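Each remark here refers to the structure printed beneath this line.
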Amino acid sequence: MATINCFRVGKRFGGLEVLKDIDLVVEEGEFLVLVGPSGCGKSTLLGLIAGLEEISSGDILISGRSVKGIHPSERDIAMVFQSYALYPSMSVGANMAFGLEMRKIPKEAREHRVAEVAKTLQIDHLLNRRPGQLSGGQRQRVAMGRALVRDPQVFLFDEPLSNLDAKLRVEMRTEIKRLHQSLKTTMVYVTHDQIEALTLATRIAVLKDGILQQHGTPNEIYNRPRNRFVAQFMGSPSMNLIPAILRRQDGTATAHINRKTEQAITLPMPPSVGSQLADGAAIEVGLRPETITDVTASEENGFVAFECVADVVEPAGSDTFLITRLGDKEIAARIRAETQVVSGDRVRLSIDRTKATFFDAGSGMRLAAAHEV
Amino acid sequence: MTIQLSSVNIRRVGAASGRAGSLVRRHERLIARLLLMPSLISSTIFVYGFIAFTLVLSFTDSKLLPTFNFVGWDSYAKLWGLNNWHVALQNLLVFGSLYVGICVALGLLIAILIDQNIKGENIFRPIFLYPMALSFIVTGTAWRWFLNPGLGLERSMHNLGWTDFKFDWIVDSHMAIYTVVIAGVWQSTGFCMAMFLAGLRSVDREIVKAAAVDGARGITLYRRIIVPMLRSTFLSVFVIQTHLTIKSYDLVVSLTGGGPGNSTDLPATFMYDYTFTRNQMGVGSASSIVMLLAVAAVIVPYLWAELRDRREKGDAK
Amino acid sequence: MTLRRLAVYVPLIVAALFFLLPVFVMLFTSFKTLDEIRVGDLLALPASPTIEPWLSAWQSACVGLNCNGVRGFFLNTALMVVPAVIIITALGAVNGYILTQWPFPGHKLVFGLLLFGCFVPFQSVIIPMARVLGLTGLQNSIPGLVLVHVVYGIGFSTLFFRNYYDQFPRELVKAAQIDGANLFQIFWRIVLPVSGPIAVVCTIFLFTNIWNDFLFGASFTSGSNTPIMVALNNIVNTSTGVREYNVHMATAMITALPTLVVYIVSGKYFVRGLMAGSVKG
């Protein structure tokens, strides 16, 4: 087990700066997920930790030791690749044993170890096959097995599930989580799939354009996104961002959402939120679809209700998504599946005001409450 | 799933041997480049160095042996004053346009016919392609015999009762160049066919279906939809065949020996003749530099585009 | 059979005849006696087949003043082709591996420079080559020809292997690095064991090319040291005595046989080589 420390890590390819001053600490036994859109630098950062790319500036420490100039094979890491990168000419067993063989582990010990790992991954019946004869899911398991056999200090995963079909992906996700729970080894996992990030991680780092946007627990990332980008990137469907005006009166703050034909909506804000902003400042209200819903009148306590016309209705089985307009923006609301609505209906929806987040329209940063700062 | 750590401590054993065997690993990038050196050095000397040497010779008045008496553009001026050189260039133009044109047209036609879901594709295809396995010397020898005016095809036709049949192009200085075209087409059409057939087979079947739904059938389907999609195949075939044309040597030597007279000389045979037979190495060098420039004009843009394409694809991720 | 089908098959059959005829004529002629050739018909089957011309071509036909047939030249060519093909293929595999799996700034330029080497008209290098072979004492020798074929063949083999290895995921080398394998171990253990198909393609392509070479053989060797293509051309062009067309044709057949056999045995790889030679993979 190990800690990983990234100090002002930078990476340039020629004139292109792909990572800028990344500061990141991975504690022992943590499961860190690096997430972001394609081209954000997340795979590059993983490559730097692995030693597959050379760092341009800053430093990376694994277990307190700087790994600058240290070969990937000497960093005591193992990695699972997106394409699995299984050696096509070797049997599954030889693939898994290769890393041990290179480390001059005696044959018996290798075989013992491979058999042991193969059994736990339920691939012991495949040991004599070639990678070309395996299904995608089986290859994925072999790639995991190859990493596990090594018993490294750190596991690195580079989008390991993105080549699997949806069903298998969910299954393997659970297995990886279970694996982490039983091994308790430090893991760093790259994905562009925000659901994978939220479900697997003990901590998430969101990257965009080579800059670390936010680093925190899944709960923090989801409920207290630092900025508009993180808010919209995490969660599906995306968080609704509705333009509004900040109003201050008698020590209370409210967000006013103007609507063209309908009555404006006023959301009370925690008083300390956005204390640096003056009355009349442009802000954005962030509302996740599940915070805009249909509630019975008796439950409306703590909610702000409004009426609107349903543009599109998308039943999703357990819930129904309803697309409508609010403050000149198209928004998604999540309503109960039992509610009967068709496109064009007038519906009454309620906003859970305790779950609303507020952003500075100019900087895009979330307006934090006083106690958070 | 639970993972019990094995009693064998894998990591400790591994870490111990980590540094010791890493001499190669630490200098891997350097070693990788060094491994390319034999090829790079040999090509620097034998290709680029030699071209430079030939270029230098072309500015000298070398005769039997290389001398370094520089005479500027004299060799080139002399070259352009030689009737033989103009004959060679004219022949190249006639031979090249017919050879490439017919190979492409015939190759495409045969490829389309083969692509009609025919029976016996595995018999037809090898028949069209086997001449590619032969040397131009063998091809020339075979056709020279086949076109022999006294004993060859002409007499067979007479025997068949077509007594007026006359086919003596190979000894007719006006027509001999066309026999080179015939033999060349015979040898190379198979290559064009194979390229086009591969192109046809890689056309997206959904586009063909969409065109069929739109009502395109038969010849229209090929003329409007499929053949235009073979653009890159056309380009490859054209570039390869054209550069081979400029380099053509063996076929003329074995079929006509450049004759009758010098009526089938090409730049390649001209160069050889002037350099090694007539001992005019300066003029010979100049002619070879002209050939090189012609080949480079065709090949360099092509290679450049091909290599650049790959990079764009490769860096997509 | 419908009219449409006829329109497909008739041209194909006509074309097939055009492509087959010269070789059939060559084959027929090689089994005829000179008398039959003089009075008979080119297209007719041999009336009384004889293998005399083949025997003569093999052991007693005259190349210039030397009347020992082509067997010696056949051996020369084999001795030239085998080492040349092995060396070129090996160099190509190494180059392709480095260029794809260990890329460095400018690796595309290096590849382009190597590749262009196999497209240059050899007329533009032939004069200095002759000088260098002379100075090193390699003129008029098989090792000299091997050298020439190697230096102008590297481009092709590098192209084949590079395009083949280019399809491997880059992650393969990364995984092996993490597993602790070095440059050489990755090549031997991971890359080379799956290079069989491209090695076959490359070998067949080079074999055909070098066996069929005429220009280098004619430029740098003479007398009894030439490869077989030069010998064939000399036999056919020997102007003294009676023109023995049957022997010429038998010689041509013997000369063509190795590459034809390779083509018949492994046509698929042969075609792949031809196509890969046009740069596009």
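The first chain written gets the first letter, and so on, giving A, B and C; residue counts start at 1 in each chain.
As a working rule, contacts are C-beta pairs under 8 Å (C-beta built on N, C-alpha and C of every residue); 3 or more make two chains touch, one makes a residue touch a chain.
Quantities reported herein were computed from a predicted structural model and do not represent experimental measurements.
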Self-check item: Chain whose Cα centroid lies at the greatest distance from that of subunit C
Solution: A
Quiz item: Any idea which chain sits dead centre by C-alpha averages?
Solution: B
Quiz prompt | Gap in Å, rounded to a whole number, between the CA centres of subunit C and subunit A | solution = 57
Quiz item: If you average the CA atoms of subunit A and of subunit B, how many Å lie between those two points?
Solution: 54
Self-check item: Where subunit B and subunit C are represented by their mean Cα positions, the distance between them in whole Å
Solution: 14
Quiz item: Of all residues in subunit A, which are in touch with two or more distinct other chains?
Solution: 71, 73, 103, 150
Self-check item: Where subunit B touches two or more other chains, by residue
Solution: 14, 18, 21-22, 25
Practice problem: Going through subunit C residue by residue, note those that touch at least 2 other chains and give them in order. | Solution: 180
Practice problem: Show which residues of subunit A lie in contact with subunit B when the two form their complex. | Solution: 71, 73-74, 76, 100, 103-105, 109, 112-113, 116-117, 120-121, 148-153, 175, 178-179, 182-183
Quiz item: Residues of subunit B touching subunit C in their complex?
Solution: 14, 18, 21-22, 24-25, 28-29, 31-33, 35-36, 38-40, 42-44, 46-51, 53-54, 57, 66, 106, 109-110, 113-114, 116, 118, 124, 126-139, 141-146, 148, 151-153, 155-156, 159, 186, 189-191, 194-195, 198, 232, 236-237, 239-240, 243, 246-247, 249-250, 253-254, 257, 267-268, 271-272, 275-276, 281, 284-285, 287-289, 291-292, 295-296, 299-300, 302-304, 306-307, 310-311, 314
Quiz prompt | Residue numbers on subunit C that touch subunit A, as the complex places them | solution = 169, 171-172, 174-181, 185, 189-190, 193-194
Quiz item: Can you list the residues on subunit B that touch subunit A in the complex?
Solution: 1-6, 8, 10-11, 13-15, 17-19, 21-22, 25-26
Exercise. Using the touch rule from the top, collect the residues of subunit C that touch subunit B in their complex.
Key: 8-9, 11-12, 15-16, 18-23, 25-26, 29, 37-38, 41-43, 91, 94-95, 98-99, 102, 104, 108, 110-117, 119-129, 131, 150-152, 154-155, 158, 166, 180, 182-184, 208, 211-215, 218-219, 229, 232-233, 236-237, 245, 248-249, 252, 255-256, 259-260, 262-264, 267, 270-271, 274-275, 277-280
